[in-house]
Amino acid sequence: MELVPAAHGPVIAEVDMGADSFTPTVVRATVVQASTVFYDTPATLDKAERLLAEAAGYGAQLVVFPEAFVGGYPRGTNFGITMASRTAKGKEDFRKYHASAIDVPGPEVDRLATMAGKYKVYLVMGVIERDGYTLYCTVLFFDSQGRYLGKHRKLVPTAMERSIWGFGDGSTTPVFETPIGKLGAVICWENRMPLLRTAMYAKGVEIYCAPTADPTKLWQASMTHIALEGGCFVLSANQFCQRKDYPPPPEYVFSGTEKDLTPDSVVCAGGSVIISPSGTVLAGPNYDGEALISADLDLGEIAREKFGFDVVGHYSRPEVLSLIVRDHPTRPVTFTSTEK
Amino acid sequence: MELVPAAHGPVIAEVDMGADSFTPTVVRATVVQASTVFYDTPATLDKAERLLAEAAGYGAQLVVFPEAFVGGYPRGTNFGITMASRTAKGKEDFRKYHASAIDVPGPEVDRLATMAGKYKVYLVMGVIERDGYTLYCTVLFFDSQGRYLGKHRKLVPTAMERSIWGFGDGSTTPVFETPIGKLGAVICWENRMPLLRTAMYAKGVEIYCAPTADPTKLWQASMTHIALEGGCFVLSANQFCQRKDYPPPPEYVFSGTEKDLTPDSVVCAGGSVIISPSGTVLAGPNYDGEALISADLDLGEIAREKFGFDVVGHYSRPEVLSLIVRDHPTRPVTFTSTEK
Amino acid sequence: MELVPAAHGPVIAEVDMGADSFTPTVVRATVVQASTVFYDTPATLDKAERLLAEAAGYGAQLVVFPEAFVGGYPRGTNFGITMASRTAKGKEDFRKYHASAIDVPGPEVDRLATMAGKYKVYLVMGVIERDGYTLYCTVLFFDSQGRYLGKHRKLVPTAMERSIWGFGDGSTTPVFETPIGKLGAVICWENRMPLLRTAMYAKGVEIYCAPTADPTKLWQASMTHIALEGGCFVLSANQFCQRKDYPPPPEYVFSGTEKDLTPDSVVCAGGSVIISPSGTVLAGPNYDGEALISADLDLGEIAREKFGFDVVGHYSRPEVLSLIVRDHPTRPVTFTSTEK
Amino acid sequence: MELVPAAHGPVIAEVDMGADSFTPTVVRATVVQASTVFYDTPATLDKAERLLAEAAGYGAQLVVFPEAFVGGYPRGTNFGITMASRTAKGKEDFRKYHASAIDVPGPEVDRLATMAGKYKVYLVMGVIERDGYTLYCTVLFFDSQGRYLGKHRKLVPTAMERSIWGFGDGSTTPVFETPIGKLGAVICWENRMPLLRTAMYAKGVEIYCAPTADPTKLWQASMTHIALEGGCFVLSANQFCQRKDYPPPPEYVFSGTEKDLTPDSVVCAGGSVIISPSGTVLAGPNYDGEALISADLDLGEIAREKFGFDVVGHYSRPEVLSLIVRDHPTRPVTFTSTEK
Amino acid sequence: MELVPAAHGPVIAEVDMGADSFTPTVVRATVVQASTVFYDTPATLDKAERLLAEAAGYGAQLVVFPEAFVGGYPRGTNFGITMASRTAKGKEDFRKYHASAIDVPGPEVDRLATMAGKYKVYLVMGVIERDGYTLYCTVLFFDSQGRYLGKHRKLVPTAMERSIWGFGDGSTTPVFETPIGKLGAVICWENRMPLLRTAMYAKGVEIYCAPTADPTKLWQASMTHIALEGGCFVLSANQFCQRKDYPPPPEYVFSGTEKDLTPDSVVCAGGSVIISPSGTVLAGPNYDGEALISADLDLGEIAREKFGFDVVGHYSRPEVLSLIVRDHPTRPVTFTSTEK
Amino acid sequence: MELVPAAHGPVIAEVDMGADSFTPTVVRATVVQASTVFYDTPATLDKAERLLAEAAGYGAQLVVFPEAFVGGYPRGTNFGITMASRTAKGKEDFRKYHASAIDVPGPEVDRLATMAGKYKVYLVMGVIERDGYTLYCTVLFFDSQGRYLGKHRKLVPTAMERSIWGFGDGSTTPVFETPIGKLGAVICWENRMPLLRTAMYAKGVEIYCAPTADPTKLWQASMTHIALEGGCFVLSANQFCQRKDYPPPPEYVFSGTEKDLTPDSVVCAGGSVIISPSGTVLAGPNYDGEALISADLDLGEIAREKFGFDVVGHYSRPEVLSLIVRDHPTRPVTFTSTEK
């Protein structure tokens, strides 16, 4: 694997956080554009560590991985499902996919926490979370001291994803107040949900991570819009995947694709990008290969832009438009003995 | 089309409702096993009316149609969806499917109400409901005086259905108290949801309609179990469909099926059935073709069986196990000016 | 007694748990279909040990006995009770029945634990538990190292049972996480209680034991339904009893039965069965005599089926339907000095 | 003035609405990119009529004008305001600006209605509305039969605008159901308000008009995002203004601009654009001069795209995120005698 | 009597309303500062006509008289009232005062209308209105064509006034839209009622008349404040009265006053004033004697000032603060036969 | 800095609160007329403490600071805004201004509370409040025991202020009942809002604080009027600022001002004043320099004046004029989990 430096991103050589260190104003952030080692979670975690080490070597204080990096995004498959039918192979595919997912908490979470602490970075990692027999598309957060902070579960999966992933509830849309800024994540087409974004804005998100699986050019428009709307830095991480990153057929089949999928065929083109609150593209989008996309985020930029537009402040009309966020956990069954 | 009389269902020739007529104890019910005219809603409604007329001719007081009879169940297709992709043809398929769905209320609902009134039957009809650009798998209820009573929207679609249908909320799980008994409906694999069934039992359902798209033998076990568990009559209606009931390829493609689908190939085998609260199969299951499945339901049977097991009565333990049903409507946006 | 091998269950000769032994994927399980030695608890325990030894010889890792195997199910009697009267003989019958029951913990529990350890099997045993002068229909759990794990007391006895057994509370509905899977038990018509089953599903039950006294064909429908609904293996154990398994009259009277009850008359026909999460009958049902019913349970099957339906996961609607389980112990009298 | 035809917009020559004319599926729409005749409202209305006639000549069924076309956008001025001071000239500028605004209803509204009827177009017109001594940035709607339909008042003016325009309340955010689709408008940076957009989506907007004064490239990203988010056609109209479209100094001063503003200097570069629900740019953006930007809108596109993402339908989570829109009028003083 | 020209008010010699005469921008207004001929209503009306003629001679288009000019303000008396007693003389004083008041409509009203028409002025006249045996402190409005327009009855009399005048209801707080601007009146300390003023502002008052009986310096502060608050011209008219304007004792007694009241003693010092919306005093205050106080009102000034502060427009917060004005007539007795 | 004693205010040397001390009737109050140390909040707080100490040395029990004392009033600047444009320098100016503002609660609030407790005074302090990225012009209240009581956010900013400050909602218009009287504050031109003042009167305000930025003579008229209208003491505090109190150009630019602004040029002339309920000026107005303006407030004066005019009492007409104050908080987003 060849790491391509961000083409457009100004990687500033020295970050001097200086004497007044508790409120840093510039944060070096890296977005990882790389593929899962499909069906091989230990190898994927090894790869994550290599990428993390490299980003840390550049001075990154924050590293953001794509959606479903751990566990994998089963691109191009349909799990043998058509309306009213489900094949035996599809079921077995699911069993293997389920086996590649991780429990939260669990040993893989521990390993990720250790990595974050070792390389002293804030880590935002897309995973497939296993909760019993339902899977969730989840993002995990870790701090630079090696602590697991919490998670966001995708609220609404898209299309076929609904057949393999569950729906998160309102209780996992955190924004973490950290020394490098207020950090949160919204996944893939959740980014098209205006009410969810507004909930994030109301929590004060400053570094808005958008792990995704959408490599289209249209995605860039949404990322720019969100930076402007939210007055926040937007860090979008997508995988760059080739056919060979998935098991060969017949174990893994790209249905509906043309015959000539060679091992080098690009099946997910990336497009990872970092955008400032003024809508300026700081780094990326990169459509060329696996890469670390890096930029220095001047948090002072937020105030400068919210001067003109503050979506939950001076540019809101709460007496006309008010959003209710029901962010308590919901469970199908509650056992009173384990409740506090 | 040949209507096959129910093989096992004892169709009693005369129903004598006798002197104490206001609370009938025996209800003649017919389950319709027939196919949608796919992509042709007016023709489907015409067919519904012919079937209704025939059932009424047998003396039916209640007629139950299958899931998605109006609007159609797009069996065997996948709307061009795989993980992270959606084809242009799939989108166009959806547009046509959306166009075949009906608004509730709307002209098709009016026509169904008129039919129910004309043939003096209670009518339970599976439809695809269009609400803006989201579709719901819905069951509509009409009384024998031609009035629309209400609807049930499927709470959880199954697998690929989640890519084309929305999720109902808790506000549309009605049980209607009618002169022919308390009437409700639960759709297809919703019947596997123990909490939803319990909500129906708690509302006192006596005639439990189960429109479905599941033609397997396993389905019969669930139907019998529900009759026993709920102490209610269970009326399951499924479509009997052949390849020719759908448009020919390339307009409509059965993906993942073998090449040799002939026009007469059975793609949904029916299995419609009527079961009493004691678990006795009163009529069906029929796997032979389109048919009207009829039986006389002696409502006195309910008390006889609840003597032994009353799921929300003497056989419940509310101090240990209590179910909360949030059955208020939920809406993404509420306009105060139109609220009462 | 002749042990009939399971007619349909594929008894796989060798189970190779191989190198990755900590998460076994295939479990050999045996359901015991045999009668209590009525009014003779020591003899019943001896019989239990013989059956256990035999099952272990086949390679069983889990053995499930019927409801009330120790203590006995007083089939056909009415303890001299009619409405508002109770006979002296009935009272004396109860005294003898009470004497056959066992304390938990107590010496019989110790003996059962020892047996489980000796034959290295997980043991699920139906017993009549004596708690002062109230009896409970209880199931005991033991691990393969000879440790008593806990118990489940039937929450709701059926009909006449309510005159001789108490009602359990919510604190004894355990599911044990073991190396052979998550293990729990629900007794007889408790299996018709949708909320109790949902509590078990929420605890993650994978091997769902259903000791019963119901030998009807309808019972099979419920067992199949539960396997589908819960996405779990269902192991139903019933006694196969003849008139001669009970003391002769006048000591023990089958009231209301026809005159011609001969010693060989079958008074409980068994019907024990093992069903997989896909609804496939792996072994049984057996209506022929006492038998050991065995099958190999491939736990991977659970993920394959929950892919389509996960009752407390992706197929639940917790924001609409939520079950509260009050699973703390309840006592009529609490002494504050012994509370913490 | 030279009218530049839309560079990229496919102007289809003949629109055949055919026999099933009541629900047209293709709508020809024109966005006007032109400047107000500043301080001369009658001349501005004359110019509007010429542009309307030309658009109608192309077959336009809908014509959308920019923000503040009637009344003018006082670009580059500051009305003599600094913090805590206000000049006499600034006050007099306001008086003149106030005199150029129009009452709603009033004679200018009548004239616009007549124009719409004469040219048989739906007309969406940005105006400065005078209500007593407070001005509002308003959009007016007219149907093709010459009727005034209603208005939208900007909810939140931006920056300096807040010193000259009032804030609308929630009662003027209409979406009109018309034969050419559901029509609404959101003005300039209101388009960055996610809750307001969501209210529009909930009202079913299909043709989303975005009159604006923002000529930046960033605006294009927001327009594309909104098309995707809302699943609607987005028609953005901006003025193309040169220095000479405003009175010469000293009557009208562009403060803070470089000395060398010549009469031909472009002070607002346009960028009007039409985008489809799939994010495809149908016509524009035009940065070259005054122009009519036209495209044919295939309303069937909406269903095709909402299949994948329906912001207030299948992709909403109302039980988690719900928006309250208080859309009743608010008034500082209410006279009971004139209330109904 | 000597008429003192307004010291500070710029009396512009020629008012050229020019060609665009329907919306005059400058209005010449005169405030009359003069005393009633007490107890002599015909003589008071004669005096009114002389003053009107003089003002018209100066070119006045609007003439405003003080509170209670017709009927008189019974300054310095107490109508023989102390707590719990009322003297015979006081009663007789009231009878005479009642006799000096006028019916509305009635012959004095007709005479005033004729005067207004004759001199082609808008006339605002303070009167004591007789309605049966209750008196009201009222202001009458007439247009320059000699038509009676309507009246305002004082809502809250002050202190001792409450013993001789009734309270008006909400139905007589008119603002008349006239060619010379929107005209209304608020009497004496009513001007301290913020909610009443707000009602006037909401009706759009531009020429705010404040007939009064308060000659203190503090009154000037309120007049200036109201001009600023309401963004309107304020015209305050007060009587200039000497002891000799009232009947001599014992017919009329100034109770509680010092002994040395000579005929020339000033008992009401005037202070009439005209103030512009910017708070500029255009004419007055005059404390020297009877006078006509005149100024030219440039109505364009209103827009210039409301630019900065519009009390019911951009500077209101209707969603926080909203005033309900119940401005329907209220009557103690309603006869249904005469209601519509 | 030279502190000029109040020219006209009678500073009474000894305050004898006498025996009935718990309800003091005379309150010594000081209004501070001084300038912010612009862009230096710590230094501004130091200066506040020096002024507080000095006032306390005179025996002040209540000290009122001007609008925006902490955070500063950015007089004369325009933040680079003209219609439709915003300069980079203006954005950076905002960022610095934002950085000078304070969180409420927060460390600066703690420090102010400590000061109030240390000097045993009630403290009313104008601040710029930072809430995320929106600023509010706020007044904070502290009691003499060092406790923060609450705040008032300006409801409507004026002109250019609207580009830098948000609008408060109805929930922060407190009146605090304290041993020194009922205390509230209304900021700058809010004092022109009759409905807001009425809300304050209805809450019983006795000591009405009016921090302001308006140094004009007209302001005095409003202060006097409010004292009369509200029957309350009015304490108006304004800053006295010279050019040198702001950073030198080019860091801080007074736009639109003449070239010859010397460091000593007065840019805000003060005019702080204390007025009694009878309209008597007790101290000030001072236009000479920084000063402490002090007076003793005899609370008995309130009853004496309300005898004649009680705006929300005997001089109101609630059946005609009634004000609705919506004083609940409004928020753009509400999270249910943190609501009580």
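Every chain is named by a letter (A, B, C, D, E and F) in the order it is written, and numbering of its residues begins at 1.
The criterion applied here is as follows: a contact is a pair of C-beta atoms (placed from the backbone, for glycine too) under 8 Å apart; a residue touches a chain by one contact, two chains touch by 3 or more.
Heads up on the chains, UniProt names are A, B, C, D, E, F = 3-cyanoalanine hydratase.
For clarity, every value in this text was computed on a predicted model and none was experimentally measured.
Undergrad: Under the touch criterion given at the top, what is the topological distance in steps from chain B to chain F?
TA: Minimal hop count between chain B and chain F: 2.
Undergrad: Can you list every chain in contact with both chain B and chain D?
TA: Touching chain B and chain D alike, sorted by label: A, C.
Undergrad: By CA centroid distance, what chain is farthest from chain E?
TA: So the chain farthest away from chain E turns out to be C.
Undergrad: After a C-alpha superposition of chain A on chain E, what does the rotation angle come to, in degrees rounded to the nearest 5?
TA: The two chains, chain A and chain E, differ by a rotation of 180 degrees.
Undergrad: Same residues or different residues where chain A meets chain F? The copies count as same if more than half of the interface numbers are shared.
TA: Mostly different residues form this interface, as fewer than half of the numbers used are common to both chains.
Undergrad: Counting contact pairs by residue number and requiring over half to coincide, which of B-C, A-E or D-E is equivalent to B-D?
TA: Same contacts by residue number as B-D, out of B-C, A-E or D-E: D-E.
Undergrad: Contact counts by the stated rule: is the higher one at A-C or B-C?
TA: Most contacts of the two pairs: B-C.
Undergrad: Just the number, please: Cα centre separation of chain D and chain F in whole Å.
TA: Chain centroid spacing, chain D to chain F, equals 41 Å.
Undergrad: If you average the Cα atoms of chain E and of chain F to get two centres, how far apart are those centres in Å?
TA: Distance between chain centres: 36 Å.
Undergrad: Which chain A residues reach two or more other chains?
TA: Correct list: 86, 159, 164, 167, 169-170, 195, 198-199, 201, 308, 311, 316-317, 319-327, 330, 332.
Undergrad: If every chain is a node and each touching pair gets an edge, what shape is that graph: line, ring, star, complete or other?
TA: Basically it's none of the tidy shapes, so other.
Undergrad: Run through the chains and report each pair that touches.
TA: Pairs flagged as touching, ordered by label: A-B, A-C, A-D, A-E, A-F, B-C, B-D, C-D, D-E, D-F, E-F.
Undergrad: Going by the contact rule set out above, which residues of chain F touch chain E in the complex?
TA: Going by the criterion above, the answer is residues 155-156, 158-159, 167, 169-170, 189, 192-199, 201, 218, 220-222, 224-226, 228-229, 279, 308-309, 311, 315-317, 319-327.
Undergrad: Of all residues in chain E, which touch chain A in the complex?
TA: 319-320
Undergrad: Would you mind writing out the residues of chain E in touch with chain D in their complex?
TA: 171, 198-199, 201-202, 204, 231, 300, 302-308, 310-314, 316-319, 321-328
Undergrad: Quick check on the complex: what are the chain B residues that touch chain D?
TA: So the residues of chain B in touch with chain D come to 79, 86, 90-92, 94-95, 98-99, 131-135, 164-167, 169, 326, 330-337.
Undergrad: Which residues of chain B touch chain A in the complex?
TA: 73-78, 80-87, 159-164, 195, 213-214, 254-256, 268, 332
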